[in-house]
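Shared chain: subunit A. Partners: subunit B in the first complex, subunit C in the second.
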Partner chain A sequence: MEIEIISFGQITEFINNQKIEVDGITDTDAFSKYIENRFPALKNLKYKLALNKNIVQHNTEITNQATIAIMPPFSGG
Partner chain B sequence: MGAARYNRQIILKGFGEEAQQKLLRAKVLVIGAGGLGCPALQYLAAAGIGHIGIIDDDAISLSNLHRQILFTTADIGKLKVEVAAKRLQEMNPQIGIIRHPIRLQKNNTLDILSRYDYILDGTDNFESRYLISDACALLNKPLIFAAVSGFEGQLAIFNVPDQLTPGTNYRDLFPVPPGKDEVPNCSENGIIGVLPGILGTMAAAETIKLIAKVGLPLTNRILNYNLLTQEQYTISITHGKGYVIPKTVDEFLNMDYQDTSEGPQGYIEIDAAELVKLQQSESTILIDVRERHEVPVLDKQIFTQVPMSEFGAFIGKEFYQKNVVLICQHGVRSVAAAEAMQEKYGDSKKIYSLKGGIIKWRDHFLKS
Partner chain C sequence: MSEKKIKNIFVNGPIAPAFIADSIAKHNSKTAIGGHSIFMGQVRKDEIDGKFVAAITYTAYEEVALEKMHQIREEIFEKYPLSCMHIYHSLGTVKAGEICLFVFASSVHRKPAILACSDVVDRLKVELPIWGKEIFEDETHQWKENI
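Then we have the complex of A and B:
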């Protein structure tokens, strides 16, 4: 299954926008686990996922060619 | 009344006299007269918002001028609120400008915010952003949120329902604030002046759309803007579950917004005079927690260099000094370092953080 990852802010420093080929990741909880394992720096940051441009508020099914955005909070002004 | 001033937007199809009257009747509060606040204020004032309040307790400094475009070099040292209000009043004498030269805190926020119809958050720290978001959610006030980081910005409107979703708030995105060392701020990480210019202007545009009821304001959506690619990515926001948000005034007043002035802490924030005193003691270690590339470079004989990126490895090591003074550029990272050391060493060491950092006490560091 192909998933497109889009990241923002300081998360772009270690996760580039990219398409990944993964097997066995069928929901957003599994995706979080996968991405935190692959990029451990993410574990220490606050971030929110968006699946196909919708904020993920509970575990949600991921289908082939989904886009997942990883968004950190910004406070600067 | 003043129709000639607003002629170009009154004759605009889809805007018109009615929309102009709505702007004139609106009361908008802009919090923070900084990189986001300055451009937002300029366009809100020019567009004819009838009442504009400005909150900021800060004075203008030289390093503000590349992005805070209401101010001139001659204004350095003056209060931002005063200079901004005067300038805006000159731009548009037909509107009312209300000055609030104060810092928002739990005990004054609800009172001030309740006097306005729309709140624009252009602050520069998470404490203020959560304080403002919670207050707006409690008061059910539309909140126009703009923030920047690096070359990117975020823009959203909270507490305004649309056909599908009741109003969402910032905690629906980020239930709790990040720790002090998690997210770098502008003064530590740098910011290109035009970026808050764009985001502040977009925040003014969203405010005007919301008041005039034109177009599709960013209600229940967050826009991510990238200056380097000119790309925008908009995400729909729905309600989150299980987060803590104050639902009454009492609950609000009991929240911990980590005001450094009132929070419980085991370390002590000091000024340069106290630093000098501590420096006399042989049992004091001075630690510069900035990264190795940062300037000004301090005398390494006096200041031990332990960058935040290496701090985890340093902490827990044995050293004889009783007093630990932590220093960084602006006194933000040093607080994070102080918290970490306090946790590790407890009462066995006295932990200090230089408030305001090297920039604030520049003269002291340049002569030493």
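Then we have the complex of A and C:
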């Protein structure tokens, strides 16, 4: 399955926008585990995910060619 | 309400005082309005470990932010009897002392405008995917955190 990852804010400093080919990641909880494992710096951040432009509030199914945004705490204004 | 077009709130660079003045002037034909409430966010020259913030560079997940802002706007209009509300937020670099956020709410009597203005500022700081990167005078940076 192909997932497109995009990052924002300080997360852009250690995760580039990229497409990954993964098997066995079927929901956003599994994706979080995978990405924290690959980029341990994420564990110290209260990041949020957006799946196909919807901010993830609870564990959500991921389908092929999903776009997942990894977003650090918001700091607008 | 839901067929309302999604408005763009983003302005490239600082929000000019002349733009704000013009925005106020445009309301002189809306004579049912009796009260305006305006909030302006200004980039603060914070001192952190002996270094001063020279500017903030803002980025956003624009589509998601605009969709969320649309939702917030609808909820605010349901909550308060407003005549109108305008919101502008900078993207890109805004120097210390310049305006990066402009919220303008108007109503027949003052209270809904004041409450809506305050409410919308609180909500957009927490809910919109926007990030500020504080650039110091020596060109190092740190990522802004909202308290």
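Just so it is clear, the second predicted complex is superposed on the first by the 74 of 77 C-alpha atoms of A that agree within 3 Å, B and C clash if a C-alpha of one lies under 4 Å from a C-alpha of the other, contacts with A are read in each partner's own complex, and residues count from 1 in each chain.
Convention: a contact is a pair of C-beta atoms (placed from the backbone, for glycine too) under 8 Å apart; a residue touches a chain by one contact, two chains touch by 3 or more.
Bear in mind that the values here come from a model prediction, so they are computed numbers and not experimental data.
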| subunit B versus subunit C as contact partner of A:K46, first or second or both or neither | first
| task | Quick one: classify A:Q57 as touching subunit B (first), subunit C (second), both or neither. | result | first
| query | Where on subunit A do the contacts from subunit B and from subunit C line up? | reply | 8-10, 50, 53-55, 69, 71-77
| request: Could you pull out which subunit B residues touch subunit A in their complex? | output: 32, 34-37, 122-126, 129, 146-150, 152-154, 172-174, 176-178, 182-186, 189, 191, 196, 222, 224, 226, 233-241
| field | Residues of subunit A that touch subunit B when the two form their complex | value | 6, 8-10, 44-46, 48, 50, 53-55, 57-58, 69, 71-77
| query | What residues of subunit C sit close enough to touch subunit A in their complex? | reply | 41, 58-61, 63-65, 67-68, 89, 100-101, 121, 124-133, 143-146
| note | Within the complex, subunit C is touched by subunit A residues 8-10, 50, 53-55, 69, 71-77
